[in-house]
Each structure stands twice: as C-alpha cells, then as structure tokens.
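First, the structure itself, so that you have it in front of you.
When the chains are written out, they are named A, B, C, D, E and F in that same order, and each has its own residue count from 1.
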C-alpha cells in the first residue's frame, strides 16, 4: 500500500464531509441505489484507481466497485475509468473526493508520459525530485512510476545527496565526499552536485558514486560525461523543461531529473455520471 | 489557524525526513549556524508565509524567522519572501518542505489574481469550488482569498447545493427545492443547479435562494438574469476558462464559480539561498 | 455516520477497559456464550441504538446484535431496546459503555420530545443551540433530531450569527450586518441578535436574513414579528423553559431555540440483563 | 493532569470551530483586544477552571487567564469565576467551548455537594459509579472529588467487582469469590454483589474483602452490617436517591455508591461577558 | 485484546516498511504465492502467536494463518510455531516484524518459566514489576503470565505502593499508611515498603494490607513473616536473582517480585522459512 | 530528533500513569519539591539521556534537568548520570518510565561497546541488523551508534538486500541481481546474500555492489574476499557471536553485521535517589 494513504484519505473525507452531506441527507432516501460511472473528459494516462476505490469503500464498504481501466493505460475522452454501485447517498457523498484524487494523479501520469515519450529513443533514466505536494509524496511518486518514469529520493533518509551548502560547510567537494563516504551507510551511493568541469574532476577523484551536473550547458555535460567515463553515474539536473529535454538527455548522462514532472502537472478533466438503480428487494 | 494545518505539516515533515536527513547529519556540524533566504524566481502573489514559518519552527523552535514580504503582495523575481536564521542543519532539513508549501500556495494566489484582475471592472463575486487537492482544502481556499477571490462551500455540510442527481432522485426541481426548504437548516440558503430557462423559472417559483446556471451560453444567462430580476442570487458555473471569463462575468450574474482557480494552478519558482553565519559564542 | 463517533467510542472503550476487564477475565471462561437484553426501565424515546451497536461490534465483531426498537419510537418501561448474542465475556465488558451512551442519548430524545409535544399545534421550528457536551456535538444534535426538533448551527463555520460583542466591535448593528453581507459566504444567511424594537428595525433595514429576538417579552416579540412582516426569518432565543415555551412560541416567530434541549436533559434508566446460552458446538 | 483531557479538548475545539469562526473572522479586527469575564448565574460549587483555562490557552497561548475563584469553592450568582484577557477574536471563538466544559463540571460538583451535605453527620464514604458520560470519565470523577465525594472504580481494570452475571457463570458466590482470590492481582480487594442475607453470609465465608448490598431494604442492610461485623467492608448500592439517601446511609455501612452523582446532574448557568480593551500599542 | 497492541503494531510496521519494501517490490511478482513456516531454533516456551498473527493479517487480510503451537507450550528446536499462506510479497515484507515480536515474547516466557520451575514446590506467588520496555507493558506482562508467573501493578493507578520517598515525605511509615487508608480508593489494598523489622512492626500496626520486605536477608524475612503472622500479605522484593531465588522464596512470604523476569530476558532464536506455492488459478 | 520518539514516550507515559499516580497523589503535597539523582549501579556506556530528559519534561515542563554525563561516555557504578529538580510529585511519577528507557538504551550501548572494543585493531565496519524491538527501531539504532558501531538498513525502503527467497523467486542470483539493477533506485547499492563460492562468483559477475557472505566458514570467507578483490563490498553475516567475532572479522571483509548487538543486550542497573528540597518561597 502507499505510505500515508489512509491518513490522507482520512483528512480528505473529513475536510469534505465535515458534519455531514446535508443536501444528500435532506433529499436522497436512504434506500435509494445507483451506479456512478467515472468518465475521462480528455485524453489521459490512468493513475489512482486504487485510491478512488479506497475512497468509495471507506464511505460504504458495501459499494461494488469495478475498474474497466488499468493503471498506466492511455484513455480517450469518453472512456469509462471506474464504476461504483450501491447506496445512492454514498455515491453522491464520495464523488468529489474520489474525483479530486483521480484528476490530480491522472494529471501527473499524463504529464509524465509526455516526457517519457519524448525520450523513447534515448537511453537515459528519467526521474522525479522531492518537489511534490506536501502530504502527497508517496502518491505523486506512484503516479510518476505509472507515467513511466522512475523515482529519485523519497526522502532525506534514503539517499545521500551533497548539495552546494553541504560542500561549503565542509570546505570543498573533496572534503565533503570523503566525510560522507566514512560517515554514511555503506548501502547508499554517495551523490554530489557539481557546477563546473573542475568540480566534476574533484568529485570523481574523491570517490563519488553519482555526479550530478547542475544547470550545465550541453557542451559541458558532454565533456563531463567523457571525463567520468563510466567511473560514476552521471545525473543531469536543474532547469530542464520540454524545450531542452531532448537536447540535454542526449548528452550521454545516465539519469535526468525533472522537478516539473510533479510540480508543473495540472489536473485533468474527469467527471462522474450517476444512474438510478431500482431499489433492492428486501 | 487553518483547519488541519498541523496534521498536514506533520505528514509533510514525516514523509520528507523519515528516519533523518543523513546527508546533513553526516556533513554539517551541530554547532554550525546560517541564514536561509527564500527568494522569488518569478513574479508572483505571495501566499503561505505563515505556513512556511510553521515548518521552520517545527523543525527547530529556536530559528528566528522574518517576513519582509506580506500575504497578498505582488513580488518580482529576485525579491526576498522570508529569512530564517539559526542552526544550519535545521535550515537544510526544513528547506524542501517549506518551499514545497510556498511554491504551491503562491502558485494558486498568483493564478487567482490573474482572474481577479480580468474582472476588476465587473461587479461579480469570483468564487472557487470544491475541486481542491485532497488534504489541502483549507490551505487552497486560503490562497484563493489571498489572491483576491472568495470561497464557495468549504465542505458538504456548510451549504446546500442541489445538483442534477438530487433533482432526478426527487422527481424534479420543484420537489427537490421544496423538500430542501423544509428539511435543511434555516440558516443556509438553498441553491439549485439549472440548465435551461424553464428550470430557472421552476426553481424561482419553488423558492430557491440561489440559482446556479450550469454551462449556459451568454444569451441564456442574460435572459435568466432578467427573468430572476433580483428575487434570487444568480451563480454562473461550469466550463469557465480565461477565454470566456469576461464575457460570462459581464452577463449580470452575482457570482461566477471557477474550479480552475485551484485545480489548474501550477507551482511558481521559489528557491532558498543559504549563507553561513559565525558560530554562536557560548 | 456521525462525525467523530469512532473517536469518541475509542475514548470511551479505552477509559472503561483500560488494561482489561480483570473480573471478567478471572471468572468467565473464554468459551462461554450469552445473550444481553437491553431493557427500558422508564418510558422513553429511543435514540442511539446505532451507537450501542457499534460499541458491541468494536468489542467483538462476531456479536450478533438485533434492534427490536427503532430510533424515535416511544417505549414503555420493560420494553426491550436491543439484544446482543455471542461471547459472554464481550457482553460483560461492553455493557457499561453501551448503556452509558444509550442512557444519555435516549435521555435527550425523551426530553426533546416533551418540548416538541407541547408545540404540536404551533407552526414554529424548535431548534437546539451549541450548548452541548464537549466531544458530543454530533451525537447530541442527532438525539435532538430523533426527538423531533431541528438543529441550529453545528459549529462556528456553518452559520453567521452576529452577537452583541460583534455588534459592539463594529460600532452598531447596521455596520455589522453590512460588513457580514460583504465578507461572508454568499450561501449563508446573515443572522443578527437584537434586544429592542429599535434594533430590530435597524437590522431589517441593514438587510439581515434572520433576526434573533434575544430575551424579549411576548408583547415585544409580537410587535417585532409584525414589524418584520416576512421580510426576514424571526428567531426567539434566551430564557426559554417549559413554563414560558408555549406562550413564546405562539407569538408568531418562525424559529424558537432552546439550549435546555441538550444541557438540561438527564440520563434515563436503562439496564442490561444477561442470559447464559449453551456453548457453541465446535 | 486529567487522563484524556487533551484529546477531549481537541475533539471539542474541532467540533465547534470546524473550518473557522466565520462571524468573528468577518467582523472582528485581528488587532482588537478584550477581556472575557466568566460569571456564575446561579449558586454553585466551582469545578473545572483548570479545563477552561486549557481551552483558552489552546486557542491562543498569549491570553492572560486569571481565576478569582478556586476549585471546590461555593459561589453565588453574580460571582466571577475566571477572566481572560487578550485577542478579542480568540475570546469570542473560545467562549462556547469553555462554558460548555464549565457548566457541566460545576453542575456535577454542585449536585454532588448536595448529597455530601446531607451526609455531613454520618460516617459513611459517598462514592460515584461508572455511569459517566463516555469520553468524560476522568473529568466527571474529578468533579465528584471537587464536590466532596470519593471515587469508586475508574475502569474495569482497577478493581474487582463480582456481579450477578459473574456469579451465575461460576455457579455461585462461593465459587466466584474463591476463583477471584486465586486469579486476581493480590493488590486488589475482592468485592462481590449480594442481594440477600444468605448471600452475604456466603460471601463472607468465601473471603470477600468488600460486600456490596444491592438494592436492599434498611432492615436487611442493618442485619447484614451486624452479621459482617467488620470482617469486610460493606457497600450499599442500587436505587439510592435523595429521598432515601440519609436513611440508607445511616444503616451502618462503610460506603454508599450513587450513580446519580454523575448521570443525573444538570449543567448550571454560567455566562461570559466581554469588554473591549484599547489596542496594544506596538 | 492487549492494551495498546494495535498502536504498537502500527509503529512497528511503519518503522520497518517505511515507503515500501523495495527489494520485494522489485523482485517478486504480485501474483506469486508462498507459505511461511516459523520455526523454533532453540528450546522455548511459546508466547505471542496472537501478536504475530495480527502482524500478518495487517499486512494482508487474506493471508491464511495457522498455529500448530499453543501459547505456553514448551517447544523444541525445529518445532513449527506458525504457518502463513498467501501472497509471497506480503510474507516477505511481514517476516522481520513478526519475528521481532515473537523472539522477544517467547524470550520472556522462556525466561520466566525457568524461575517458575525453580519454585514448583514452594507455595509462593511469583510476580513481575514495572521494569518493562516502554511501550510494551501489556505485552511483556502477558508473556509473564504465559510463562506461568503473575503480574504486580500494571501502572501507577491500579495499586497503592508506598515507597521510601513517599514515607520520607509523610514523616514516617505510620503517617504514610494512615493517610493512604483515608485518601486512597477503598477497593485497593495498601502496600508499603519496609527495610527493617521495626518498620515492619510499624507498618503492621498502621494497618497496611501488604508489607513489602525490601532487600532483606533470609533471617530477617523469616522473622518478619512470623511477626506478621497472616495479618497482612508479605512480599519479598529487591535483589532477587537465580542464585538466591529458592532460598528467599522458601522464607514463608506470600509473594516474591522479580524485575529480572522482564528486564533480563533475551530474545530467543526463531526463523521463518518460505516455500513457493503454485500461482492461484483465476 | 529520533523518529517516532514522541509517540513512544506517549505510549510509555500512558501505559504507566493510566488514570493517575494514586500513591503519589494521596501522599505527596502538591507544593513539595525535590531532586532526583539518577545513578549507575554497574559500569556502563551512557546512552539515552536525551530520552530521559524528554520524559521528565513531558511530565512537567518546569523540571530543571542536568546531565553530568555525556552520551557515549563510560561510567562506573556510583556515577551520576542525570539530575532533575522541581515538583516532587512529578519526579516520583516520571521515575520508572525514565529509568526503563535508560536501562535499555545504556544496556545496548554497553553491549555494543564490548564488541567494538574486541575489534579495535581490525579494519572492519561493525553494523547492526533489523532484529530490534518493535517500536524501538530508531532508539536502538541510536544506542548502537552511541556504542560505537554503525547501522545497517533502518527499514525495507532504504536499502536493497536480496535474500534467498528473492533469489529463488527470480530463478537464480544472476537474474535477481540483474532485475534489481534495472528496477531499483539508482542511488542505492545492490546487496545480495550468498552461501557458497559459486554464488559469490555469480553475484560478482551480475554486478552486485555488496556481497553478503551468509554463515560462511573463515576459509570460505577469505577465499571470497580474494575472489572479489575490491570489486564489491563484502559483508559477513549470520551466526556471529562473541566467540567467533574476532576470527570472522579478521578475514578481510569490509563489514560484519551482528543481530545480537540489539537483540541479546540486557538492561543495565540504574536507579534514582530522591532528596527533598525546601518548598519554594512564593
């Protein structure tokens, strides 16, 4: 299961339902039944059905939920993503929360897929960053995987990444990398941020396992890749957007990280249509 | 304080720090001190300083935080939004979470302000919807207010809004509005969704306090406004975007609601620069 | 479901069971089975069966619970409200918590019904206030509805009610109502507290949607109702008790709010009888 | 501190404030300051100031709270119980929750004191039961102590009390008491419920430390007390009310337990008056 | 159920799984099924199967768990304690947490059983203390019972135990015991710590129900037991280990308490073997 | 701060204090003040003062806590570890919980230091495993560091470790390592468990970054180290105890992991002496 998902669904249902859905409570008879049909209103990559399903089930464990779509699949406008059948009141109350999760997760997966497709013929690993919506780290990184890219660090404890401030505090790249190699867990590679060819050289000699080229020009990247010559993994980072993505990715690095994968994605348009069903015979 | 904010900050810090910031722990001496300077990298409307401040204080209550900027103010690229002074390690560990909150809240406020500015000479109330990021309802609605627009319902219990499915389940607009007026709390106005002039007429006669015109054309809106003649508030909703915003808003309705205020906003570019400070003398 | 109910049941079971029911653990064999029969020991209106059911189920999901009674029904002393069948130990451990919920909720519903019955021929809406037991807001307001009355505000965010301190702070009723109409959400009516006919007049002209007559005498109430003449809803509040209820309610106001509905109700007498059942054959 | 108090205050503030005090937010300027004066509107025993203080402090840690009254003190109508000074908005938002706690706790203490006073010349220990409001166990038992009575069990794990169902399940009093003495913790006395003189005799011989006389007539109680002759503590329980309290208490038992101490208490009338203070000079 | 168990399992699974079992997620196909067989690798007393079962079920409610062993049973190295069948990935992810619970609980039960066996022919009650692992109180006390000993206090509220600091603060044993008898709940026995024969005498005359002999020599214990002569329970405490256990226990006291039962136990060796099962036919 | 520490302290204080420290409440006057002096009763390495400090502060934020000792320092029996001054009642109530944390954490640090000292002249990194007490992962790993060793994985998401079951499921070491290199995060090294020289060879050729030698004999270890020749890190694991530690550690591997560091440690003897202080003048 996705880390923290239940807590986020708690928060989401509490903030939307508060003391009760007064419109539905006033107007919908408790015995009324219906079918909710969630439909794509634009082309998209599907992500988050498992989350929407949990939302419906939390509202009413007796709802019957089916997914005609599959995570990662490309859907056209008009395609059905999910259906939920059961108490009409539960469907109406869950609708907005379920859609709010889906529109964002599908939005990210769709956005990521554009980038992935642009790189289809380039042997580079496209990864996200930690620029995610607070509270949504695990979900957004999941949507990135569904979209076809990979994940960089989930958090500050599952990877070593030495940035400019760490370097400054240690008095240089060589000192910083050396200290990290002694102090840090043996199971983690040591990654260090560099901005010039000289820094790349220093990082390499200090024994960095991964060298990040931060905001470098294509020529510098190519030179750095040649210099490193396979002795460390090379990651391109900083200022990557759709316009320069292909050019940068083709410079020979192993990895390219793009914060925009998560922070620049928009929600896609998804809606739910509800049909009445005959009351259940007792 | 904003509803649920502490729980969301908990979630955010847990998901980013996990078992500890291993890079910082390995490389930064506990006594080192610094100043973090948060800077706008693009023009923006400032929102969420109070949230970023809480993040820094939760990491280390002794950090000294100052806000040169004010909520709602327009900042240029290069302007300083906030500074935090104290333990270098705390600054490094809090950085990403603080920025992730700010980039999204400023992004929404900036996005909303564009819409608000477009309507500066039209006497209509611009409001958001419930299409918000799950877990972020209170924060995003706050950013909408900072941006200059107003809020529609916070949740399902603080407003009555009769939608097509409620109408169908009650057997028509007249029956639904009548039942809501009897059953619902006396302190809430009854709002109903309509799609045709005939429905508007029925809603008005049934005693609706607010009539929502859903996805109507400008001509139909103008006709509906004339027909209602001040006997109910009129809200335009559905399919509003930047292209048709001014035209629709100028049709004479009291309120125009736009889901895109929240769900189509993107993060704006904000970064933090860190300067070392001399160690505190003991 | 009732807002916060699960958390309150958690609190209740933790506070009563603590580290275990030592008497039951010492004396009742784990295999022993029984039937608990919850019986009214006084005439009452039934409320809260759904809560008692949750308590039993939380103690042991395999208990078989049946409700011969229905919410809102009038029961005589000796009538059976609920039966629960299964593990004897679970019945004994759950007994007090289940009864503690029932005795209070039935107590409120019964108390409310007296008031409702007194007003059976007067066209006024009887409502509660926010004078509820902390932690029990949703439950007590539910029992009020079961008793036959309606609910006023659930909380400070789902209704606007301008009281004397707000008025004083704004420099008068007209200013306060005006500011509320501009600042407050469009979907909420603006209610204002008044104490004299002059204040009623001012409130009306300022555009208040609901005018509360606070602690007024019958003559003043009747005069205010005439003055308002249907242009705003009229609510009577303050100092209402059983003695003056009918007189006040007959003065022509739309709504009468009574804090005593919840804060003056007492628990009614309910007990549980337990019968042993033969052990389940394996 | 009182067990679970913080969690109950959380619940109470959340349920009353929800997404914000919209009236206060719309009408009260953030800089406005005031003094709230909590006043008794009826004679009462004061209890719960410590709780009301926590409520104010949770809303705004900068409020300055003073208690002219003391826990357990008898106050007349008009007496001031507490004052709180600081941000006007915080006072208005906290008011109802603080009063709701106080009115109930003072109500219980006042109710208990009546019972205590009736027994002033009888050497018996008056104790409560577990018939408390779910979620309020520690608070109501605290108010009982403030009122001058003592506490029976807090929960099912801090005392052994063998009731009719336990006796039936064990095949008689002798067997039940014997098993309890062997199985139960050595630090707890064994209490057993009896209904007849024969059962008292059996309980005594089985080695019960405390013998509860359930719903017995005065003559039977006196006989039982003589029979027991100091070899066990004697507790009177069941059907005790104000009418028979003195008679029963004078029969010579050591302890008399009365569920009505908590479940039949009503809230007492307490209100808060707010005065404006001049704005703080910056 | 054991108090706080669910919260501890939450903590344990969160701390071990964090953002996901990356090895298993990368290598094990979601459809793969297996059987986990938990095996004793040393002789032991079994305790905690109910806890391990909950861990597996929390990871995946569809795992089929069976316990060939029973709580309290003596197992040899090589014996199977439990099997769990179902999704291979769930087995691998749950393995370490389930074993970590089992190895500690069986370790305590095994350790306790050694002490119990040493006392098999001495009529004394062997009890634990509050020297338990924080967060594990209920679990470790459960394992003590499974091992065959009994429990002393669970916490500071379910027993009165007057220690040297309390005595000093009251100005002597007589004053302390007297005050406790007046102030403390009637259902609890009053226990007091003594260090000399004189203190024993004082405690007895003050009416202590239980007299603890703290760190006394065998001769002193025997003398104290004779002096007390059944008028109070006698508990030996302090400095008990395997070497002096039998000697001290044979001195005639009713109870002997041993902190080492919990704090000196070590984990026993338990491992899990996993077998692949054929995929489930759809 | 240590991950989850606040939650564990919550659990610990709740489980020990429950509804209140009745002995202290009955016997210690609220104004009484004292000094608690925590003293080592055996030689030990100090660890966990920061945790004990938090316990005291949580009980009463006004306690004045001082640490004469420092984390990692070697103390003799009789040395003072910590003093806390303030309300006597708070000291008495906090005592057991503070000591229970300290005795375990110092116990682990002391145990680890023995192992560390045995390896003082061998260039190998000694690390722990995930065999920790559930709920205590971060604390026990902290004590390991204080003792002088390093940490292996904190959890299943911050390291890749391919074990026998993963290998079996993938059809062999080569396939498993290959799949892990493709699927797993680029920032983590790939570690694989091997049992024979042949497996070592396969692992090396498949590109493993770390090769674990599971339960191998010294000769085999030496041969494996030679074979690997620095092309991967080498970790010894399984069946390491004090008897074979030095022999195994001297075989040339980079890392040796020992589960016994945490699971075989015992609590060390620590106690608290309390002195009365004069009452604070008002």
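Descriptive notes on the structure:
Here, a residue touches a chain if its C-beta (ideal position, glycine included) is under 8 Å from a C-beta of that chain, and two chains touch if they have at least 3 such contacts.
All values derive from a computational prediction rather than experimental measurement.
Under the contact definition stated at the top, the chains bordering both subunit C and subunit D are A, B, E, F.
Comparing chain pairs C-F and A-E, the larger number of C-beta contacts belongs to A-E. Among the remaining chains, the Cα-based centre furthest from that of subunit A is the centre of D. Note: centroid distance subunit B to subunit C, computed from Cα atoms, is 34 Å. Averaged C-alpha coordinates give centres for subunit A and subunit C that are 45 Å from one another. Centroid to centroid, with C-alpha atoms defining each point, subunit B and subunit E lie 52 Å apart.
In subunit B, the positions touching at least two other chains are 3, 17-20, 138, 154-155, 157-161, 185, 188. Contact topology of the protein chains: fully connected, every pair of chains touching.
Across the interface of their complex, subunit F is touched by residues 17-20 of subunit B. Remark: subunit A residues 125, 127, 150-154, 157-161, 185-189, 191, 210, 233, 235, 254-255 touch subunit F in the complex. Considering their complex, residues 3, 138, 154-155, 158 of subunit B touch subunit D. Listed in rising order, the residues of subunit F touching subunit E in the complex are 3-4, 7-9, 11-12, 14-29, 32, 34, 88, 92-93, 96-97, 99-101, 103-104, 130-138, 154-163, 165-166, 168-170, 176, 179-180, 183-185, 188, 263-264, 266-267, 274, 276.
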